[in-house]
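One structure follows; several queries about it will come next.
Read from first to last, the chains carry the letters A, B, C, D, E and F; within each, the first residue is number 1.
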Amino acid sequence: MKRIALFPGSFDPFTKGHEDIVLRGLKLFDEIIVAIGFNSGKSVRYFDVNLMIDRISATFKDYPNIRVVTFSELTAEFARRNGANYLLRGLRNTTDFEYENSIAQVNRYLNEELESVFLITSPQFASISSSIIREVHRYQGDVSTFLPYKL
Amino acid sequence: MKRIALFPGSFDPFTKGHEDIVLRGLKLFDEIIVAIGFNSGKSVRYFDVNLMIDRISATFKDYPNIRVVTFSELTAEFARRNGANYLLRGLRNTTDFEYENSIAQVNRYLNEELESVFLITSPQFASISSSIIREVHRYQGDVSTFLPYKL
Amino acid sequence: MKRIALFPGSFDPFTKGHEDIVLRGLKLFDEIIVAIGFNSGKSVRYFDVNLMIDRISATFKDYPNIRVVTFSELTAEFARRNGANYLLRGLRNTTDFEYENSIAQVNRYLNEELESVFLITSPQFASISSSIIREVHRYQGDVSTFLPYKL
Amino acid sequence: MKRIALFPGSFDPFTKGHEDIVLRGLKLFDEIIVAIGFNSGKSVRYFDVNLMIDRISATFKDYPNIRVVTFSELTAEFARRNGANYLLRGLRNTTDFEYENSIAQVNRYLNEELESVFLITSPQFASISSSIIREVHRYQGDVSTFLPYKL
Amino acid sequence: MKRIALFPGSFDPFTKGHEDIVLRGLKLFDEIIVAIGFNSGKSVRYFDVNLMIDRISATFKDYPNIRVVTFSELTAEFARRNGANYLLRGLRNTTDFEYENSIAQVNRYLNEELESVFLITSPQFASISSSIIREVHRYQGDVSTFLPYKL
Amino acid sequence: MKRIALFPGSFDPFTKGHEDIVLRGLKLFDEIIVAIGFNSGKSVRYFDVNLMIDRISATFKDYPNIRVVTFSELTAEFARRNGANYLLRGLRNTTDFEYENSIAQVNRYLNEELESVFLITSPQFASISSSIIREVHRYQGDVSTFLPYKL
């Protein structure tokens, strides 16, 4: 059976840290779905969702087993509908750990089949967060070093 | 002297984790006041405050020594006015701990008599947070397993 | 029913941080048993256990509801035999929290009636640990400021 | 060469914890710039920025080597323009640590010359956060004990 | 290519928490090697290593793709020699996370091909540690509830 | 007045992470004393102390303002006797933070003049600990990548 993993997030923006996790995840899974949580009516984003779909797709254009989609439902439900039995998640630090621990347990309540699998972000990327990048970009700082694509 | 404890929170919503702490707290205190911080002019809630008062009251209807109230003043001040010398708090993880540590010290500055007493949330409830429940409910997920009452 | 709490530890040595927790615990419990885990055949201590019994007893000589004992069995078992339904514990930081969280759950497995109750150590005492005091004393440093008694 | 440090923050409000870090920082640096991040068009503050400039300046009126300014650009860029090669930061707890760790690495990406230097907040001030003070003040609580000046 | 994972540890003793990780790991890997770090000349164990090999083997006797071995070399080297490109690890709390984070980075330095994969221990097992079990057993406490086999 | 900092540790062995902190510390201090805590009668080391003195001295041979010494007394006392008003310390993660927080407060009790100054270890070195290096070396692993000198 194909091992399909969901890599969900808001990816506002998608960073080199995210890319690190996805590429390393390919050693574990046959297919990875990069899934941008997005609700056209409600989500307030800094970076346009279509721009981001385009950039992530370009980043992984040589990987036929990586797909980029948007979704606006429960992660556990979206995983089930897509035959994904795994959530792929990166851990950067203890704050991430406590948050992901809660989310993972709740996801198992909602979908018993869904296993959350964690990789620890490589050290050179562990300080990069989407929120810091937005802050730097807002003040015209150069964020290219944090992103695997040109904006 | 009667040992009265305040169990303050926004309870948006009140969870099985909260229920766990209150019931275990009864072994320590003669009376527990479940106090919903709420300001009719300012508080933005997901679950209606009157619904929540009703559901929490129903949850504890067999416990005459548990009261449910709302308050819109400083916790330390509300405790003093109600003769409560204890704050009862649950700890789920280290993020909770760091937050509660700060709050507890500040409350002692504001009201020297007020002692914050902590129980560690039982493991099966430690992943449940009100914010995750709101998120699940917003996407039509089934949250009944996290709540000690029917919504 | 009398509320009896056990305050177990190696107390090598007993510090002002420990004293802080015991005295604040008196607001919650009718009796507190300061219980020094000690096995005459096996325990390797820096400060003599009899010296410590003497000093802790002197510290609390005005409190008839505080007793000092030694024990060399499971904490959960010793609590049961002494009619203590509570373990009183201090939390200084997140390292303490993770450790105490594990211990508390295991104690409940071993003795369902036993509730672990936590107070957060007052900030001025939160840096004091028995192991640091031993280290300072070993190098002839003055440790009197960390202890509620003269050595 | 003069050692100039930037002490950036929103200081909404500036607390005794901040004062503690600045005064201890004087042992390390020849000049400290207390820099209030503020954008007249966008920043939403609880305490007026001009009030805060006034109060911080008064707090340090006897220290000619402490300056108070506002800035609305990247911290790393503002530091460079002011000849500041150091960021002075206080750490209160592990939540602070994880956040500051990320910020510090990103700042070094943006400005290689910029070294983040950390002092651990003195215990008596470690529980004080600007957000808790705002909450207390909002409910008419007395916050004077947390501030090095009269509001 | 077969996905082989190493699950290394001292397993002194192997717990229900360890069993939880191995069984969930089977959804990710084609083969799991439970590898007891053991050096006949140096390792000081509480539970005999042969007893443990026997008990772990019995626990997984219905799983032909789980093997139990001992090793006394670098984990990264043992993994390489066994064609294992993955280390399977459980995370219980933030203390585990900080430790595992360090180990994982060092293992990648030593063996670039080796990916550390983490699952978060199920809540009901998260408090169980081998060291606490040894402590309980030493005092004749009943540890059967923490182990997936009879001692 | 000359700013002299002590950089104390057991340095068993001294790592690239330690080197990182010392070199960055030179931007803050006029002189740094690398001080190996060592008691010829009691200390049990893996790497010989004289070897380590030699290697650290060689590492910093081009820096006349870095000295390498051993000491066997209280850090706070040794600092005082050497005119060092600063302790330089590296922080790698939250476990370090909690430990260093305690030590720093106790050092200030023992020597009011002594200020502990922290730098966060650069990400590429944050996973390196002396204890992991000893473990790798014990099993004949190659540790040269973690050390700023040849063993």
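Rule of thumb we're sticking to: contacts are C-beta pairs under 8 Å (C-beta built on N, C-alpha and C of every residue); 3 or more make two chains touch, one makes a residue touch a chain.
This is a predicted model, so every value here is computed, not measured.
Steps from subunit D to subunit E, taking the shortest chain of touch contacts, total 2.
Relative to subunit D, the chain whose mean Cα position lies farthest away is E.
The interface of A-E is repeated, with over half of its contact pairs matching by residue number, by B-C among B-D, B-C or A-D. Between B-C and C-E, more C-beta contact pairs join the chains of B-C.
Rounded to a whole number, the gap between the C-alpha centres of subunit B and subunit F is 46 angstrom.
With centres taken as mean Cα positions, subunit F sits 39 Å from subunit A. Centre-to-centre spacing of subunit E and subunit F amounts to 33 Å, using the average Cα coordinate of each chain. As a whole-number value, the distance joining the C-alpha centres of subunit D and subunit F reads 29 Å. Residue numbers of subunit D whose C-beta contacts span two or more other chains: 93-95, 98, 101, 104-105, 123, 126-127. Of all possible chain pairs, those that touch are A-B, A-D, A-E, A-F, B-C, B-D, B-E, C-D, C-E, C-F, D-F, E-F.
Residues 93-94, 123-124, 126-127 of subunit C touch subunit D in their complex.
The touching residues of subunit F, when paired with subunit E in their complex, are 92-95, 126-129, 132, 136, 139-142, 145-146. On the subunit B side of its complex with subunit D, the touching residues are 72-74, 76-77, 94-95, 98-99, 101-106, 109-110.
Taken together, the subunit F residues at the contact with subunit D in this complex read 3, 24, 27-28, 85-86, 91, 94, 97-98, 100-101, 104-105, 115-120, 123.
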